[in-house]
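All chains are identified by letter, namely A, B, C and D, in their written order; residue positions are counted from 1 within each chain.
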Amino acid sequence: MHFASDNSGPVPQQILDALARANTGYAMGYGAEAEMAEVTARIRTLFEAPDAAVYLVATGTAANVLALSALAQPWQTIFCTRPAHILQDECNGPEFFTGGAKLTPVTEAGKMTPEALRAAIDGEETRGVHGPQRGPVSLSQVTELGTVYSAGELGALCGVARDHRLPVHMDGARFANALVSLGCTPAEMTWKAGVDAVSFGGTKNGCLGVEAVIFFDPAHAQAFEYRRKRGAHLFSKHRYLSAQMLAYLTDDLWLENARAANAKCALLADGLRAAGADFAHQPQANMIFAALPRATHRKLFAAGAVYHLWEGGMAGPEDEPVTARFVCDWSLPEQEISAFLALL
Amino acid sequence: MHFASDNSGPVPQQILDALARANTGYAMGYGAEAEMAEVTARIRTLFEAPDAAVYLVATGTAANVLALSALAQPWQTIFCTRPAHILQDECNGPEFFTGGAKLTPVTEAGKMTPEALRAAIDGEETRGVHGPQRGPVSLSQVTELGTVYSAGELGALCGVARDHRLPVHMDGARFANALVSLGCTPAEMTWKAGVDAVSFGGTKNGCLGVEAVIFFDPAHAQAFEYRRKRGAHLFSKHRYLSAQMLAYLTDDLWLENARAANAKCALLADGLRAAGADFAHQPQANMIFAALPRATHRKLFAAGAVYHLWEGGMAGPEDEPVTARFVCDWSLPEQEISAFLALL
Amino acid sequence: MHFASDNSGPVPQQILDALARANTGYAMGYGAEAEMAEVTARIRTLFEAPDAAVYLVATGTAANVLALSALAQPWQTIFCTRPAHILQDECNGPEFFTGGAKLTPVTEAGKMTPEALRAAIDGEETRGVHGPQRGPVSLSQVTELGTVYSAGELGALCGVARDHRLPVHMDGARFANALVSLGCTPAEMTWKAGVDAVSFGGTKNGCLGVEAVIFFDPAHAQAFEYRRKRGAHLFSKHRYLSAQMLAYLTDDLWLENARAANAKCALLADGLRAAGADFAHQPQANMIFAALPRATHRKLFAAGAVYHLWEGGMAGPEDEPVTARFVCDWSLPEQEISAFLALL
Amino acid sequence: MHFASDNSGPVPQQILDALARANTGYAMGYGAEAEMAEVTARIRTLFEAPDAAVYLVATGTAANVLALSALAQPWQTIFCTRPAHILQDECNGPEFFTGGAKLTPVTEAGKMTPEALRAAIDGEETRGVHGPQRGPVSLSQVTELGTVYSAGELGALCGVARDHRLPVHMDGARFANALVSLGCTPAEMTWKAGVDAVSFGGTKNGCLGVEAVIFFDPAHAQAFEYRRKRGAHLFSKHRYLSAQMLAYLTDDLWLENARAANAKCALLADGLRAAGADFAHQPQANMIFAALPRATHRKLFAAGAVYHLWEGGMAGPEDEPVTARFVCDWSLPEQEISAFLALL
């Protein structure tokens, strides 16, 4: 009954097999191995982006901060949501890698709207050289609150950014979960909507630790290589990164994992709803936030269910429900969901 | 009729005279000149702080960012108000000098309350190592909205900081204006209340460009010297900084200037009030924010009055008043105030 | 015949098996998994350092720059050798992570001497606050030129550092190769000699990508956790790092691998010497630099041997030998060495 | 008998008068004052560069580090000489403002040669993405050892830079002293030779504290404004900077001061030479390095002469001469030189 995070489960056998396959003989390192050329080719094909620059790193935070450092100047501010991972969960990594850029929360919600984004952009650069300047927009897809931007919503947000000549970054730590939820193509969810750079997650969806950074404009490529190296994120035995990513993209493993995770989350959500739980947001991917009576929560915890209480939930009054975050990963056994729901 | 800022007026003759007096013969530089020893002695006496470390820089932003970089770690967040100069008007200078720290706005108001500060502090460090850690509290005195913390209010805020073992910085760009408004001693307004480091402004109150940074704990001294030098803020012909500060502290020039500025602001406020203007805050120092009918504002601008419209005021509907910021400096001729009030 | 680097070979089966073993069920991440507690315990025991703080990262550069950022202030300079990895091969990563510290090369040689270190230290801080201040000493063990400091040499160098109250870092990317070469204990090669922090390499000696950072003074622990996270080097699925390190330390795998690599290098060196090659340094670990006639070099390359020509070797006159770097890893088949030597 | 530095003397009356003239009434700040427009126009005319971007800061280090931060990427290395101010005397300021760039000393001498520069450039970027990349070339004119590059020498060095597409910065802390020594035009000494950005010094040649940063390509302008502000180097009462610079450029004061300083240095050099002193370099501007018998040095110090002993001079054997640095500023009374020479 483990719903704490999609980074706490195991990886599929295909990923381990790929490591074993890659583990033969001598190979060039640092991305010059044969597997990486194949990764690049696959991602370019998948994204219908034959010129895209593609790089691998091992953590989602690395993907985000390195991508943002390519798009933001130190005197700018990055527009994101309040719950954004880059604002809440990267310990000032974006500030560090950009050389001191700010982050401006556009909204308290999981998703920003074009109106809110426009208002936030208008609210900056009101003091000439004295204040921070407008910088990139960063969109999380799936958002940190489990919601998913439609392709149309992405297009509208990117349009606001484009009106101000601001680049757009997508934190796609759960890219695959969003994609299968929308049923659109990677291109539609990114550059066709106006996204310039993507953190394409593998870790939360079945890899040991690998994320791709994709720039649709290859002009970012060379500087990125220096940024990655000086950030200490260039792997010598890079084949073990590219082998993971290659297996992830083979036989639709990435899509299968995401579909499995989303389906399990839907199952969980149905059960919770049937048991009377309210949802802050309708489940769209593999993460939901449900309001539970405090007594129910205590019972679940006592029975060994593992999940996070969202902000401020623990110490409230008895008659106030708690908000719990449930995340399903690809590997979650359905019987665990059944067992959990049986507790309700 | 110039009320735009207290950095747009001239300096008193005493300051120029001091430069001329300092301009004789050869002298050690970089703060080793005789005048600086005298500055340090005077400030220690004024603040009843015989061990204080005292440094001069030429801009208020330099004082703030260097002081904060001594108090904040790159992975922390600095607690301030939304209108704070360090947040709005230093172009990410605090982020740059601290190596990437964040700023957390405690309140939208000019002054923070102990409750709001405590809530803001409690709101950080909720995610372990993932989020920014709690860092220093920075208080502006006079605040950017023209209000003044009482010694008691400062003590309460510093108490909250101390409860969390967080250091306190005071942005005293208008230190003198606050001091004469409160009628307390420099010590009462700083270390006796719990303040650890002060940006002690001279520029806005009659100097060409000089600010002192004061640390009550001299343990900060040595690193500050390196920070100042690598920040390119160490003057070779430092005597022209110390001469200014010495003249500023001589014969109570600093207090006289502040009293004059505050008195003129009170005169202006009385006239505005008599003419029906509302104040966002009761005038306490040398800066007020008054709501004016839009037609009145147009008449004043047309007649040559110079002041800033505060955020969002310019383009609103006709029946909505504008909020105008008026700042008085020491040199403002009373007849200009009279002339201005006569326009109302 | 692959002698290019000890990061281009495969990993032993035990490492892959450990990944598979770790790949079961749900686990806490970010270093809170059970395997990491075991790693910490093992390293403390190995180093006879019950209080040591132990962290894992995935690249050697990350270990170095994060360790150095804990020891160096931005206004200091780090003493190392000219060929040091931190100076030559980290793309200004140390400057980035320390916030702008310099690196001062103590010597052009692979090993620094106490005299040279003392002279280099004396050469800094000659200009008061204007120049960089003295900072940590960083020693590579095995050095980048394949040599090994004896425990006595390390003690003497650390003594010079201690005389100036400077901390000492060891870049132990090839820690195991040095250790088995010296036949001493990990404690003798580190804290007993006066070393404060160690980058304890796993990647070059048989892991996919894992390095430990060890601080003998646990006072560095907390800040390190923030540094690692904001540097984007904290793994969510951390168990796959700790599992590697655990397998590496189990049944003396790390020592066996290092002994194998060193032995193969000795074999290679013997053959080269027999064939008339000169060595810049006597082989001590798993890396040698041999002078080869240019014609020999061409023959070897043509036959498919893979190794690096050291600086400036390629374009010289025909009668000038080239200097070639040969690195042996644990996995190198002895028949490849024989085949290579047969070419000579 | 004060020969310690050209930043320890007084400023000419014209500079103080200009401050007094500027000290009337209210004025826009931050460079928007009328005086600054005039400064920009004058410098553009002087340099025959109608599009040049011109900015003022208050310290020479600020001019250097801000100019370099516009030209260098964090992963690059800046080519300079070993005695360069940016390497020796800015406490890692260039590293700080560039976000972590390195500095590569091209030569131990005061002046670099095209051959040495080419060799230094060739020596970098030998390790692909692993090492620092080639960055700007910084030339000091007058050099820190008192020598002056001819226009032809500058052209040859800039040609080497251009061959590698590297920008060129000139540290002109003593720009005027070099100019009058060469008898060429500002344009010939800068952009006509291939220089991209200049730190145009005022402080060492008679100002209280003001330096211009000049970019011949105005594409650098906008970012520079943000860099200056976030570096805390934008003055609110900017008129007191522009007034200084304006007076400096009026009636050839800057050239007169430099001619006076150079002439006095020539007088001093003649006297020293007559007394048997050797010069490390032939005097070309206002700074010389003379070898003195140790006994002579003791006598001079005892008589109150003030100058710096250059590196390592103080503690040597009795029969080894010391090397003393003598700097003459515009204000040095000739009778002090006579008095000094009389001591010899």
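One rule holds for everything that comes next: contacts are C-beta pairs under 8 Å (C-beta built on N, C-alpha and C of every residue); 3 or more make two chains touch, one makes a residue touch a chain.
Predicted model only: the values in this text are computed from it and were never measured.
Among the remaining chains, those touching chain A as well as chain C are B, D. Interface comparison, C-D versus A-D: the higher count of C-beta contacts falls to C-D. Each chain gets one centre point, the mean of its Cα atoms, and the points for chain C and chain D are 42 Å apart.
Centroids built from CA atoms put chain D at 34 Å from chain B. Chain D has its Cα centroid 50 Å from the Cα centroid of chain A. In chain B, the residues that reach two or more other chains under the touch definition are 74-75, 90-92, 96, 99-100, 129-130, 133, 226, 229-230, 234.
Contact residues of chain B toward chain C in the complex are 30, 73-75, 99-100, 129-130, 133, 223, 225-227, 229-230, 234. Here chain C touches chain A in the complex through residues 2, 4-5, 7-11, 16, 19-20, 23-29, 57-62, 64-66, 90-93, 96-97, 203-204, 208-209, 226, 229-237, 240, 306, going by the rule given at the top. By the touch rule above, chain B contacts chain A in their complex via residues 74-77, 88-92, 95-96, 99-103, 126-127, 129-133, 311.
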